[in-house]
Amino acid sequence: MVPLNYYLVVSAILFSVGVLGVLVRRNAIVIFMSIELMLNAANLSFVAFSRFMENFDGQLFVFFVMVVAAAEVTVGLAIIVTLYRNWRSIFVDRIHLLKG
Amino acid sequence: MDGLKYLAECAGVLPFLIVVGTGIVILLVDAFSPLGRKGHPAYLACVGTVLALAALFRPLPLENELFGGMIYADAFAVFFNAVFLLGTLLVVLLSVGVLSWERIERGEYYALLLFSTAGMMLMAQAANLVMLFLGLEIFSIAIYVLVGMPRHQRRANEASLKYFLLGAFASGFFVYGLTFLYGAVGSLSMSAMAAYLGTTQTLFNAYLLLGSALVLVGFSFKIALVPFHMWTPDVYEGAATPVTAYMAVGVKAAVFAALARVFWLALPTIRPHWIPVFWVLSALTMTVGNVMALTQQNVKRMLAYSSIAHAGTILMAVTAASDQGLTGMLVYLLAYTFMNLGAFGVVIYLQERYGVGEALEDLRGLGFQSPLLGAAMAVFLFSLAGIPPTAGFIAKFFVFAAAVRADLLWLVIIGVLNSVVAVYYYLRVVVVMYSRSAESGWHPAISESPAGSVAAAGALVLALWATLHLGIFPHAFWEWARQSVYVLL
Amino acid sequence: MESISFPLLSAIIFSPLAGVLLLAFVDRENRDLQRWIALITTTVVFLLGLVLYGAFDEGTAGMQFVERHVWHQGLGIQYFLGVDGISLFLMLLTAFLGPICVLASWTDIQERLKEFLVSFLVLECGMLGVFAALDLFLFYIFWEVMLIPMAMLILVWGNPARRVYAAVKFFVYTMAGSVFMLVGILVVYFHQARTTGIYSFDLLQWYDLRLPFSLQLWLFLAFGLAFAIKVPMFPFHTWLPDAHTEAPTVGSVILAGVLLKMGTYGFLRFNLPLFPDATAYLVPLMVVLAIIGIIYGAFMCLVQKDLKRLIAYSSVSHLGFVMLGIFTLNVEGVQGGLIQMVNHGLSTGALFLLVGMLYERRHTRMIADFGGLAKPVPRLAAFFMVATLASIGLPGLNGFVGEFLILLGAFRVEAYWAVLGATGIVLGAWYMLSMFQRVMFGTVTHEENTGLSDLSRREVGLLVPVVLFIVWIGIGPTPFLQKMEPSVRATLERVSLPQGAGTHRQAALWPLSGPGTESAGGMSLTHPAGSK
Amino acid sequence: MDWIALVIVTGIKTLFLLLVFLTAVAYATLMERKVLGFMQLRLGPNRVGPWGLLQPVADGVKLLFKEDIALPVSEPKLYAVAPAVTAVAALSPFLAIPFADRIAPDVVTFLGSTVDLTRFSMNRGVVADIPGSVLFILAVSSLSTYGVVLGGWASDNRYSLLGAVRVTAQMISYELALGMAVIGVLMVAGSMRMTEIVEAQARLPFIVYQPLGFVLYMIAAFAETCRTPFDLIECENELVAGYHTEYSSMRFGLFQLAEYAHIITVSGVAVTLFWGGWQGPWLPSGLWFALKTFALVFFFIWVRATFPRVRFDQLMHFGWKVLLPLSLGNIILTGCFLMLWR
Amino acid sequence: MTVYYVPALVYMGATIVLVSVILLLSSQLGRRRSTPEKMLPYECGVDPQGTMAVHYPIRFYVVAMIFIIFDIETVFLYPWAVVFRDLGWFGFVEMFLFAVILVIGLVYLYRKGALEWD
């Protein structure tokens, strides 16, 4: 059996890539996908822990996380589409009406 | 047998069900009423909220944990549910008139408002961290939409995108933190975690710390603790004002409720590790929030930074880590609900009646033009500044008292210095209100919505009364908060 | 005096609020009725104050007319009022200035009259409450309550040019001090809870606390900051000239007459008895600051061109005297300080009233714009003369009594304090008289001044009582001193309790060990040299 | 030892299945042309080999030798890989469909040691007896949409892009109904494993319990495979050839292959879920499965000859307003019956 | 459990090899003769004009969003369907409510016109 830590390392890498993506990228959709990557990293470690401990709660939680991710996708896409219709851009550094 | 138990458990979350049900009814009514003749979803929302409030004060079920340890039905939850519902009631009342001004669809608006309230309620009574996460997301997602509802306004689009991206980012941290807590304990049920931590000392301790750190980061984003606050002013400014008010009050209360539950019920032995972090966060948040608020020219933006600062003050109560601290936190949140909604309410009222009110200059001469409104605004601002005999003072007093009691003298001194800074910028608004107006800034009423005005005025009166009442006779509220806190200790 | 069942103090404190309630129902246009309501209300307050004075038992040092109700059970907050010889006269002064201020504003305030009167009455309520409150929580609430109407008075009815600056400066300065006091209050509260198990804000109970020295020191500074700003002591005085100058006449009168006394009253009521060791330790510092205030204020007066600003700086000087008196820590000095508080309220109040009247006529306060006024307005000049002399401390007028007692007290401690203090008197005579000369004597230099109308009957009527009191205290201060004495002695006894000065002076000046640290001895490690 | 046996057995099964499957796909094209010809009173292909039987071979060879035009598109890699994605996704689901009963003895002696072939269902007529294979099939087959979308988008052609967008909308709209129509079967069978579902139909095929479910499934399946009457993505008069307008040579061929493989797969799934799979009297189980599948493929062609194409708005309306509520209703209905009949 | 996926991997690997071989063969066997006309996007013989970025209706996005939500709901339906018999009436009622809420959502979308295409 593959040791738990392998899964955790992969998930940590996924998570870090997601965080970096959010911080570095400027395209709203790409940022958004990076966030989804973070959620999926969490799913991976949930499943890994769940298998490792032979406790199925973790896999159940993944369902909820997926549902939430889906809901976020929906709302996020709607927001981005609306934004694009008004701004003609989805690059977050070009969207700055509000400022101190 | 099974079914009866199920029914009984449903009765345990009756207010929650009422709120959700009302939201659904509003959706359906909105969908089935003909285009020209819209119903009055606001009335429905009011009725639902009041019913839920009434249902709150039923006797609590004997058994605390419902649905197989997923939900708590305890006094703590009741207190916070009351805060959310009162906040929602006020926001609904304040929204009646201003929605047409912001060009927001009505039915959806109220339904989303109620759904997000339901999410907050779920968050306050979650007994399992997954439920907590669900509650968090339910209200977050509803609010993402609410922020973006004035969809023809570019700034609302922008605010909504920013809030959404950072909110989802925070959720990512939160969930990832949950995985480590789960990995450490093998369950996300709070009581199971507490039981496990009570017996085991070292196993997976790194996971626990990492998990709680990530969870804390997630929370910090949501309540805009410095340095996770960057989104707040933009989002607060861009959203429709009632939504801003709702965010400032509801989200803060919900997340603080969750914070208390997690760090008291689930992770009691981890908490001491985090106290220094709370300390730093609290000091930073107060200071940055207040200093940034000093120069704002937009009232909403100013209130946004002030809301950051208030979050820091409330965090001071958490840092105190005592029953007095928690009591103070509860009272503070209750008081903040009234005074902050009141302050926003005045802005909303102005927007509705005159179409202005966001810029600081719009308030020039308000105190003379409309003495009652001006006086109310002044009371709310003084309350926010923490000047007696208002709710804000009592709240701040309790929090400072708890912090002094916990020997956090330096933090208190930072807090005190911050109060002075805060006084300055709240006072600035009062100054503008009571400066002679150039007469040109005031237009006659642009939108006549009698029902809206009445509702908003009612909300203002309610908030004003509560602010003063809480300030002068705090005992009952204090006692209530104190008893609500006992379940955590 | 628990036998008096009528809640006299509450009646005095909350009567102004009754007036506010009445005002709320008066039509906005009915201006005279509003004024009359305010006048009657304040007069009633004053009459009740006279009753208080009459019923006051001068033989005892204890609190009288005590009212005590539980307000907040769990936290030990009480509605607890009472007066003794210290607070009695300040309450009376406040009540006395009430109707005078209403009369003074009769024609001065034309716009937003109702708001003005409401603010004023709320302010009066707050001031009276501060002097009578014996529960620290209640005290703090009154303390803050009076802040807002005072700021509003400056903000709305002040001099348009710089009123915003002045109001905000006033508000922020005072607030800054008072929040530190709040922290101090909380520290004492929890210290008491920790050592005795009692949660209480009861001042009289707190008197019996014996706080550790290091804690006392920091608490003294925390409370002291609030009071020093209010006094205002050098170097916290910078808000005062602005606030005084920009405030309307009534605002200045109240500010000088009552609000400044809050600070000195606070020192006397709280700092001295609660933190006796720290008081003894910090006497040099306080006295030095007081003397600097006296001399600095006087010198500043010499160069002022604005009448109001001059009087404001003279307040800094006079309040320095009061502080000097209080920190002599002997009966003469403290009594002198106490009576000087009342004196300053009367004489400076009168000066501000008179400047206000001048301003109403000429719309300027620059000394250079006047000159030779004694000719066109002899009555005004006469009153001005009395007030000026009282302010200087001419024997036979009230100022003399206070200053004499203070210098006496100071002399008994350190002779050079008295000498330096006396310099202040000399300087005071110099600037006051030169100001008076420049304004009143000589030839009329400005055309506009020739046609000035003299005082009206209303104005005379409001000035006469003030002058009467000025003379009364100057000639026969004994009844006043008698009523003060027991309380003053009781307070001083607390300060000079045997455990006092010296033994703990070596303690570290570090608060973080704070309320929990019971012994200062452990802390002395950081300053081993001090233990010799 | 088990591992070696598993790999060997799987290799044999894979080779066999792919061979049969690809042949079936190839001849499905011929069958379609023949049957359509028959129904439209014409002959269909009849020149290459007897009755045109070698036509598919000829088509394949022709496609292989055609020029593979390398268009100067903005995303050449995606453009190149899209048909392969679709083809792999279309060919893969079949690995989870049980195409026959036991095809080997329970125990064999192999290289001197005894191997228990019942382990991991090695003796069954299925390549991979995955637990939850229904989900696997749904998941993998919907991957082919990616190939279509990527191909349409990477082609830098308006028709392709519109075709791809349309196909996505259509796929996802009907995927819901498809997934929900299957749920009734799962409720009756109490399992998500194809082999167990087949065995549960030993007495009666589930079409008896799930007539509505079958109808819904078939309608959704037509849409999923983009067959008439739902073949809007390639309606020539509007979109030329839809998403594969720009493809030529074997890349085009892979798209075609995927389409027919998809038809056979959904037919196989329908047979397994509703018609008892390989169950049947007298004949060998594999033959039963092939016959049933053949019948359904025939049905596909028959429908193409019979029905006109729907408009796109009709398509979406039907999917969301009729099919989805009906399949939800089917689930509730099934639940009610099962609860009452228990 | 995972062993069941080994054959699946083998099979899918085989399909990938197969497809690659086909593509390789075709690229080797086919002739290449490029002309400028071949390189243009095919638009029925007309030279293409303007940008290739087509704006298609917002409805496609709406459909995608609705799909995501309903698709995720089926995630809950599948496990429920399998253990449906063991759950008894409780599970049935629970899922009935779930379905009702789904239907309410659908009805709302229907009434709001989110499913209209004209």
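Letters A, B, C, D and E mark the chains in the order given here, with residues in each chain numbered from 1 onward.
Quick note on the criterion: a residue touches a chain if its C-beta (ideal position, glycine included) is under 8 Å from a C-beta of that chain, and two chains touch if they have at least 3 such contacts.
All of these numbers come straight from a predicted model, not from anything done at the bench.
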By that same contact rule, can you tell me which chains touch chain B and chain C alike? none
Which chains are shared contacts of chain B and chain D? E
Go through D-E and A-B and name the pair with more C-beta contacts between its chains. D-E
Would you identify the chain whose C-alpha centroid lies closest to the centroid of all protein C-alpha atoms displayed? B
Greatest centre-to-centre gap (Cα means) from chain C is with chain D
Centre to centre, using CA atoms, which chain is the farthest one from chain B? D
Interchain centroid distance [CA atoms averaged], chain C/chain D, Å: 94
Between chain B and chain E, what's the gap in Å when you average each chain's C-alpha atoms? 40
Which whole number of Å gives the spacing of the CA centres of chain A and chain E? 20
What whole-number Å value describes the gap between the mean CA coordinates of chain C and chain E? 80
In chain A, the residues touching two or more other chains are 71, 78
Multi-chain contacts only, two chains or more: what residues does chain E have there? 64, 66, 71, 89
Would you mind listing the residues of chain D that make contact with two or more other chains? none
Tell me, which pairs of chains are in touch? A-B, A-E, B-C, B-E, D-E
Taking the touch rule as given, give the residues of chain A at its contact with chain E in the complex, in rising order. 63, 66-67, 70-71, 73-74, 77-78, 81, 85
Residues on chain B engaged by chain A in the complex (per definition of touch): 130, 133-134, 137, 141, 144-145, 148, 151-155, 157-162, 164-165, 168-169, 171-173, 175-176, 178-180, 182-183, 186-188, 233-234, 237-238, 292, 296, 301
Chain E - residues contacting chain D, complex: 1, 3-8, 10-12, 14-16, 18-20, 22-23, 25-27, 29-34, 38-39, 41-44, 48, 52, 54, 56, 59-60, 63-64, 66-67, 70-71, 74, 77-78, 81-85, 89, 92, 95-96, 99, 102-103, 106, 109-110, 115-118
In the complex, go through chain E and note every residue touching chain A. 58, 61, 64-66, 68-69, 71-72, 75-76
Complex contact set, residues of chain D against chain E: 6-7, 10-11, 13-15, 17-18, 22, 63-72, 83-84, 87-88, 91-92, 95-96, 120-121, 127-131, 135-136, 155-159, 161-162, 165, 168-169, 172-173, 175-176, 179-180, 183-184, 186-187, 190-192, 240, 245-246, 249-251, 253-254, 312-313, 316-317, 320-321, 324-325, 328, 331-332, 335, 338-339, 342
